[in-house]
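The structure under discussion is supplied below as structure tokens; questions concerning it will follow.
We just call them A, B, C and D in the order they show up, numbering each chain from 1.
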Amino acid sequence: MDFTLSDEQVMFAQTAATLFGDTCTPDHWHRMMEQDTAFDAGRWAQIVENGFTLLLLPESAGGLGLTELDFALIAQAAGYVALPEPLVESAGIAAPMLAALAPDHALSADPAAIIAIAPACNPVVAHADVADAILMEQDGHAFLVLPDQVTLMPAATIDPLRRLFRVTWDPARAEDLGPADWTLALDRAAVFAAAQALGLAQRAVDLAVAYAKDRQQFGKPIGSYQAVKHHLASAQVAIEFARPVVIAAAAQIGQRDIFAQARISHARLVATEAADKAARASIQVHGAMGYSWEVDVHLFLKRALALSGSWGTSAFHRARVGTRLFTRPTGPDQTFAREA
Amino acid sequence: MQLSYTPEQQAFRAEVRAWLEAHVPAHPLEHYDATRAGFEAHRAWEATLKSGDWGMVTWPKEYGGRGLDLIQWLIFEEEYYRAGAPGRVNQNGIFLLGPTLMEFGSDDQKARFLPPMASGEEIWAQAWSEPQAGSDLAGVRATARRDGDEYVLNGHKIWSSRAAFADWAFGLFREPGSERHKGMSLIFFPLDAPGVTRNPIRKINGHVGFAEIFLDDVRVPAFNRLGDEGEGWHICMATAGFERGLMLRSPARYQVAAAALADLWQARKDRADPALEADVVRAFMNAEAYALNIYQTASRLIAGAKIGPEASTNKIFWSEMDIHLNQTALAILGPEAELLPEPGGHDWLDDFIFSLAGPIYAGSNEIQRNIIAERMLGLPR
Amino acid sequence: MDFTLSDEQVMFAQTAATLFGDTCTPDHWHRMMEQDTAFDAGRWAQIVENGFTLLLLPESAGGLGLTELDFALIAQAAGYVALPEPLVESAGIAAPMLAALAPDHALSADPAAIIAIAPACNPVVAHADVADAILMEQDGHAFLVLPDQVTLMPAATIDPLRRLFRVTWDPARAEDLGPADWTLALDRAAVFAAAQALGLAQRAVDLAVAYAKDRQQFGKPIGSYQAVKHHLASAQVAIEFARPVVIAAAAQIGQRDIFAQARISHARLVATEAADKAARASIQVHGAMGYSWEVDVHLFLKRALALSGSWGTSAFHRARVGTRLFTRPTGPDQTFAREA
Amino acid sequence: MQLSYTPEQQAFRAEVRAWLEAHVPAHPLEHYDATRAGFEAHRAWEATLKSGDWGMVTWPKEYGGRGLDLIQWLIFEEEYYRAGAPGRVNQNGIFLLGPTLMEFGSDDQKARFLPPMASGEEIWAQAWSEPQAGSDLAGVRATARRDGDEYVLNGHKIWSSRAAFADWAFGLFREPGSERHKGMSLIFFPLDAPGVTRNPIRKINGHVGFAEIFLDDVRVPAFNRLGDEGEGWHICMATAGFERGLMLRSPARYQVAAAALADLWQARKDRADPALEADVVRAFMNAEAYALNIYQTASRLIAGAKIGPEASTNKIFWSEMDIHLNQTALAILGPEAELLPEPGGHDWLDDFIFSLAGPIYAGSNEIQRNIIAERMLGLPR
């Protein structure tokens, strides 16, 4: 039993955090929004260069063969900067599915390839405009469709750094890759959404703390008032008790049983709730500033909202926890129990 | 206690309903804060209201109003929201400045400012906050230097609602060198006066919602000062009472929203989280409770009572119920919550975003809780 | 439209508040608890003398012929002192039912008579030990049973000033009063529970305010800290938005339609919630003192708990509001609408 | 990261389970705070534990412990709660005073006090609070006047857990004339010493839970002072850290409670509010999250980290989850919530009442939120 990250994991995550932090700054968000784009090709190239897109791919396919836990740490760092690029969707969910179904596919050999993914539960497809291919779910199969085989209708969304599309496609013209493990895809998506949400939540708190130290009212910093302190302390408590769940869920995803799935769904629920709570507390602490477009807290609120809706509703995830709770042994010796 | 309407009140409701059915625009107007065209369309609607004598229904007749009592006002608002009539671009005039002018203005000031306010010919912005004076309004730094019969205004106002397109603004200015609550005056200035610069501020939904105003040696006649010199803080506190209190937030808007939420639930409950039904019922109860509270307050005011710090309880209640209501709607929408609505669809997302401003503006909920604790409950400052 | 109380109503309620406040003091609670009793015969005599038990009875039966609104104001005053005696159960619910079913019954003629009432939804009967008779629900009928016709088994409860019993009785030996209006009884019980809860809630806040003004920590009264202020302000908000619902529900109870019933259930839900919230805030503000038997806040918490469970669960009352919401017109013109 | 137990850990679990199955009393003991008999029954249980070397499992062997690491401690606790073993009357010794003595005590003090503490021969009460010193512990007024080789103790302690029946107490006393954080010493005194009077205090469930202690010229040897004279505040803060933190609140108790809640739900869901299922699932998730958090912290501490202000987040989380869990149970019970359980039934009512103390004791949640804001987040005091 050892619930600590390895030095390598911490270092790799730190590399990602530094890269993201250097390039995905408030100035950069503003520039992207002014230019009405949600994809920075230069940053994507750096992401590819650093090997982040290869992380989950098997070594046999030229990947790094690392684990969902390693990727979750990167996803958390991506959340902390509200990363616009589809690192999580492509390298965390779609590419591993493609590699499992068609290990020799040309797209699997290209670490820069962007693959979008469309499970039946999502009404729209994220990042379809920049994707080199899309994995579509139908009758449990995965179909690979190329940009010239689909019609994309933009679906306007609240998150200015996220692009969604309704996709029209013809299964007869697409490549049927056969039955796919959509549950694994959903589990990965849920864990990485949770990890991003942790990053979003912490950034929202950090932004508010910085503001509250600086902003003076009635002759002292607003951060010295109990009301402000307690808003932010409560948000931090939510983060502290979501984080170990997310880490455990990521570490146990390979277990592929109802215990792991319940933990994954638990992680998704509480991490997105923490992000919503932290973002709203942050807006409140920022006062009117927090309600303005200029101050970037809204980006974190909006991304949290997006992550809470896709890849299974909250009711779906709560039901998975309920199934585990009501049909399997519970109690203090069951925390790390496995399916018999 | 008589919780039903008199025949006169019922007739009045029918009259309002008939007029609105005949006059409310068939298509929603563009938002008044979004573009000059939207703003002017709303000004035209104010003129239409005025033409039917529905502009300033609670104002006394002598000032261009209809002299309705508060129960009639509530009925009017119910019908107004029920009809989906346009938002009131004139809100700052109706609820904030108009009543303040009536209470503190000279006869000449009332004659000069109230009629064009009532007709919508002059639309007003408020200019309370400054970058360093939000919750702590006594931190205002903008100055009004007396120069003969004029004031020379300088400073930087922010979060001014309507200021992007409005004609006039009213705000607090201090005598140079004065401090905190002393030496402040409430002064009106035209937003097209030389020396005034206004920059729109975008809200987190991406739409313009406020402006900041820079004043650089803006000259206005001393006539534009409301009340005595240095009395600004006192008057402003009275105005803040109006703003927080009964008048600004009509219960009808929440009842319309709660009914829309119930419709959303009925339409989607087969695919939504069953646990959300309790929240839908809760949203309805909240809107009902708010309406009952306001009816009770209105009856007490008609009977001669004065509104006190309990106005702060209203602010907290409506702001929190609004967030809850919209969060429930987004939860029902599930995977579609992040999508903007189809044209003509209810924009729950925008309502949610707007609701997040509730606990912040018009005195943050933290300030309101302090007021309740100190002035209602008598806890020490 | 007039949502104000009459001067007579205010005065009558004030009379009750004074009587209760003079006799039902902290010292008196403590004495009753030491003596392990929940009934004070002297106070009951004063209650009777003041006509409070006659309030809802028709004038033809020697009653005052007043309304549920008048009685609700008395119930609120009773809540403010956590009144132990069964004024509400007997004079507010049971006696009016008896008077409706058997106007000439000898018990109806005795203003001091205590009548307990046992709807099918309650597993136990309150105050059965001091009752001169009990109205039992069976198959929609009301049966009147006398003390010598029942066996009482005490059911231990958390509220030290409330006595509950499981009742064994034989319908064959009881007096069948015929079909009774159990819905009206439940409506009255719910409104008066709500009114008591308002009183409980306000007392809990008032006790905490008094303590917070006095208690010093870190060199100033704890009531000057924002955390304490905001706890109590939030409780007061809950009270302020429950009160008009309770008043309206009481005033509209005679309407006997789904609109009135929804409002009654609404009142019961939010007033008992406000009492729970206020009592817990009060305990928290009192700190360890609030957790001790000596300080009386616990009485208000416990009574609120009792009122929340009897005469229909919260789910039952929420369902009544839901029925009105989902089957009748809603919107701003419907606040005071009636069944067509 | 390895989220499964080693074969050694599994074997250890089996060993604990077997021993507890053989030794846990068949019937629950009377509560240790309720009567002398209940207290002594628990003391006897401590002796039984000691006989199996299960008394002070986390203490080093040299002090009569078993020297378990924190993961083993968690496994022990899981089995202990799973077996429904008696509450630990020795809690103040195990988690508060024992570790503090090991860190700050002299060798002679350790030799004198630790062995009888480990065996249960001497049961300890804590005596921190005073009527005017609750959250503000620096407001302590009780005095320790030095008189040769002795201290003369005077004052009034309150909310002392176990003090009604315990043998010894430890508390803060100040040098006469000293103020606030200075001049305080941590001193042990026998509760049967001349000049000590103790009065039991009833909790809101009607049971004795604490006592107040009056000290009237109580003489103790200077040997009974832990650490240097005037170092009491420093030592006390270290102890408060132990109390708040990892050690006091084992996750197993909440997991047992969450499992019981799920059983209650399964048994009654046909007649309970369907919306409560979400709360039952939430209670399970909370207990799981708390356990995972503690496992993570235990792993970090084993790897050499120190526990910091994040202990305050634990306090807030467990206290709030405990209230939520028990409120959910009462809501499921509906009309039966106010009734005390049948003999042998789960006493949700008492658990609920007990949970309300959670946000108050061991540093109120208001104080904990201040600590999080100031020490974790770096907000100004």
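Convention: a residue touches a chain if its C-beta (ideal position, glycine included) is under 8 Å from a C-beta of that chain, and two chains touch if they have at least 3 such contacts.
This one's a predicted model, so the numbers in the text were calculated from it and none came from an experiment.
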Is the number of contacting C-beta pairs greater for C-D or for B-C?
B-C
Report the chain whose CA-based centre is farthest from the CA-based centre of subunit D.
B
Distance in whole angstrom between the CA centres of subunit A and subunit B is 39
Expressed in whole Å, how far the mean CA point of subunit A lies from that of subunit C is 51
Residues of subunit A whose C-beta touches two or more other chains
225-228, 230, 318
Of all residues in subunit B, the ones touching two or more other chains:
274-275, 277-278, 366, 369
Considering the complex alone, what residue numbers of subunit B touch subunit C?
1-6, 9, 13, 71, 77-79, 81-82, 251-252, 255-256, 258-259, 262, 266, 277-278, 280-281, 284-286, 288-293, 295-296, 298-300, 303, 310, 313, 316-317, 366, 368-370, 372-374, 376-381
Residues of subunit A defined as touching subunit B within the complex
121-124, 155-160, 164, 216-218, 222, 225, 227-228, 280, 283-284, 287-288, 290-294, 297-298, 301-302, 305-306, 308-310, 313-315, 318
Touching subunit C in the complex: which residues of subunit D?
129, 132, 134-136, 139, 158-159, 201-206, 210, 272-275, 330-331, 333-340, 349, 353, 356-357, 359-361, 364-366, 369
Subunit C residues touching subunit B in their complex are 1-6, 9, 69, 205, 209, 212-213, 220-221, 223-224, 226, 228-230, 232-234, 236-237, 240-245, 247-248, 251-252, 263, 266, 269-270, 318, 321-322, 325-326, 330-336, 338
Under the definition above, what is the set of subunit B residues touching subunit D in their complex?
274-275, 277-278
